[in-house]
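As structure tokens, the structure follows; a few thoughts come after it.
Letters A, B and C mark the chains in the order given here, with residues in each chain numbered from 1 onward.
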Amino acid sequence: MDNKELQRIKSRKLKNSVFHGLIFFCTIFGVIVLALLLYDILKKGLPWLTIDFLTNFPSRFPKKSGIFPGLLGSLWIILLTAALAFPVGVGTAIYLEEYAKENRFTEFIKLNIANLAGVPSIIYGMLGLAVFVRALSMGRSVLAASFTMALLILPIIIISSQEAIRSVPSALKQASFALGTTKWQTVTGVILPYALPGILTGTILAISRALGEAAPLIVVGALTYVSFIPKTPLDQFTTLPIQIFNWSSMPKREFQNVAAAGIIILLGILLLANSTAIILRDKYQIKIKD
Amino acid sequence: MKKIDFKSKSGMQRNEKIVSSVLFLFGIISIFTTFGIVFSLFEETVLFFKEVSILDFLTGKEWTPLFEPARFGVLPLVFGTFLIVIFSSIISLPIGLGSAIYLSEYAPKKARKILKPILEILAGVPSIVYGYFALTTITPIIKSIFPDASVYNALSAGIAVGIMTIPMVSSLSEDAMMAVPNSLRQGAYGLGSTKFEVATKIVIPAAFSSIMASFILAISRAIGETMIVAMAAGSTPKMTLNPLESIQTMTGYIVQISLGDVPYGSIGYKTIFAVGTLLFTITFILNIISRTIVRKFRRVY
Amino acid sequence: MEPKIKIRDMNFYYGDNKALKDINMNIYEKKITAFIGPSGCGKSTFLRTLNRMNDFIEDTRVEGKITLDDIDIYSKDIDPVELRRKVGMVFQRPNPFPKTIYENIVYGLRKNGVNDKQILDEVVEDTLKSVALYDEVKDKIHKSALELSGGQQQRLCIARAIAMQPEVILMDEPTSALDPISTMKIEELLLDLKENYTIIIVTHSMQQAARISDETAFFLNGEVIEHGETKVIFSNPRDKRTEDYITGRFG
């Protein structure tokens, strides 16, 4: 090997190392940002995180501000949203995977769901405003917000449930049918129990998404300053993210810390939801696997 | 064994019919949703275009719908959105692609096991949190470098949107690269190629169409992103390419109007639907393009 | 003796592909009938026409007539679900549900409206005994069926099928995934079960067909080449192709 060749190999190796370093940094970048973000939020928010913060209503004074109505508003909306979206989403997935014939119409439904998954969330807000708030005269209520959110997360639930249902071994379905069961009996007896961990994981992810959304609810008409809590689904509301948004845009700097405290609560709930999903999944999987 | 008496199946058959009709109804809810979106957007948009010509809307360079004299040129909002797309893409596309290459080609198993969940967490952080991060961390950094940057500026929001879309680019691109069969790589390694050469000359070309599709999806996400821009980019519709100025995006405008008390039926109310229609159309087309690319160029190995 | 199942001029299509041609056959009660033939000749397809499992495959079609106790199983007023209750099936690979042993066996009964605990307990014990599994599993009846060995799982699947008290049991290569000892156990079991059930078994093992079946049908390219008493088929086949196949000279 002459000198030139050695030189070339060296330069190729060098390129490789530089590239390796570069893309490693790209990957680590996310970690750094996440760490920075958490540090920033914890530093600002933790000192403000008191029991009072959880039980107080918003106030003009940062020290007296609390997240109570937002917390309850989010809770209301999440429960209603889940109650609406879960059965419809799982039902649609069952329909598409087990009942629908393979034809143009079914293709169209599938394509349509894929497209809906890519529609910006704020557009769902406009749908909610035009249809639920106005046309169906639900007003700017918890109910209108929940319907809007349910439609927003429906594609996510459908798609993840479809995947879970598709993972059910066809041998199990056949075994069930061969024992003289109807389709629905096979769905409830074999398919759903087997697919449940996957369905639940997908649903919890979808609900987490809804929990963090603010844009569609602003369009639907969530309030930013609320001094009451919703008692019925037809009451007006605010939510956790909207409270955070509102505090972030206050001129008084201390409100940023209040917002950070709100974010800690929000992220805490999301963390809890996702850990539940993981635990659920693992627990069921051990049971199913041998 | 004793003989067992079975109930007749006729009741079950009736249930079966009911169940399958109910499931069918669930199945078509998604179609109603799409029609709902299209109709609710178009209804008000049509009313809007009775008052404002489409041409003025699409080509006008001033957007002052609520002041006198009211101007309805949407270009400033489109420009604002465009700025966000540019700066978010500068962050998300290379970094997302880079981390996809690292995770699929370079990373040891252990590193993957730690890094992938972190990217998933990053993807699960609500956009409102990124908005806060832009406002309270990114903007001060920008201001310390460019002291005359405005408090609300496109750069800060763009960076935050970029960070938010990194996981999307990364995971979709990585999936595509993982799907490239190992035999292709083995051949190149056999000829003495470095990992860098295998990644850039074999894997990326083989996964190219899916990588492009992930880029387009990320851009579509950036266009539709709302809370970050509403919090950090400002609310000044402006035709500028200076990222340090306060701007307004299409989504930002919709939020601004929704927060105020715009009466139903007023021109202000209609403008958000016109802007929404434009937003929906653009993201819809991008999503279709992305899907078509994936479908058309799907390689059969 | 009147045949239990009669197949007359039956053709079966996957789309345009005619997978079974002009089948005529009688299947007798309380006998074991074996289907043999090279891969892809239509044995499984034929088996599935008998409990209408082919209904689940899109774009398939049956012509001709199949009767069970002289009732046309493809007639309009036959509910395939009810048919499958009478015609049970055991598959090539053991496919127990990811449930307990107990719940596996009573699955079909529960779904068909039998919920009396006493009856169910009895059925579980009886069927486990009749598949000679009871002693092996009696302490873990409420444990997951997936903890059993392959051979045990297959016997459980047979128990699950007979828990429905079917009249006919269809078996598609039930021992092909099992070791010799498990295979032997299942063969003994089938000889016992024959007292009460009509059994049709697909097998690739000539020895197995010869050992356990009363009747044998040889399939080739979707046609029944020869069908008759197993003894005759194996000692004195009429058709050259049958002889070639069972002596392993085929191909």
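Assorted remarks:
By our rule, contacts are C-beta pairs under 8 Å (C-beta built on N, C-alpha and C of every residue); 3 or more make two chains touch, one makes a residue touch a chain.
Computed from a predicted model, the values in this text were never measured in an experiment.
Considering the contact criterion stated above, the chains in touch with chain A and with chain B alike are C.
Each chain gets a centre from the mean of its Cα atoms; the one farthest from the centre of chain C is B.
Looking at contact counts per chain pair, the maximum sits at A-B. Among the chains present, the centre nearest to the common Cα mean is that of A.
As a whole-number value, the distance joining the C-alpha centres of chain A and chain B reads 15 Å. Annotation: 54 Å between the Cα-based centres of chain B and chain C. Chain A and chain C, compared by their mean Cα positions, are separated by 48 Å.
Among the residues of chain C, those in touch with two or more other chains are 81-82, 85, 112.
The set of chain A residues that touch two or more partner chains comprises 182, 185. Touching two or more other chains at once are residues 9, 12-13 of chain B. The part of chain B that touches chain A in the complex is made up of residues 9, 12-13, 15-16, 19-20, 22-24, 26-31, 33-34, 36-37, 39-41, 43-44, 94-99, 101-103, 106-107, 115, 118-119, 121-122, 124-129, 131-133, 135-137, 163, 166-167, 170, 194-197, 199, 217, 220, 223-227, 230-231, 251, 254-255, 258-259, 264, 272-273, 276, 279-280, 283-284, 287-288, 291. Every residue of chain B that touches chain C in the complex is listed here, in rising order: 1-4, 6-7, 9, 12-13. Within the complex, the chain C residues that touch chain A are 51, 53, 56, 58, 81-86, 88-89, 91, 93, 95-99, 107-108, 111-112, 144, 146-147, 157, 160-161, 164.
The touching residues of chain A, when paired with chain B in their complex, are 12-13, 15-16, 19-20, 22-27, 29-31, 33-34, 36-37, 40-41, 44, 87-88, 91-92, 94-96, 99-100, 108-109, 112-116, 118-127, 129-131, 134-135, 151, 154-155, 158, 182-185, 205, 208, 211-215, 218-219, 221, 224, 241, 244-245, 248-249, 256, 259-260, 263, 266-267, 270, 274.
The part of chain A that touches chain C in the complex is made up of residues 101-102, 169, 171-172, 174-182, 185, 189-190, 193-194, 287-290.
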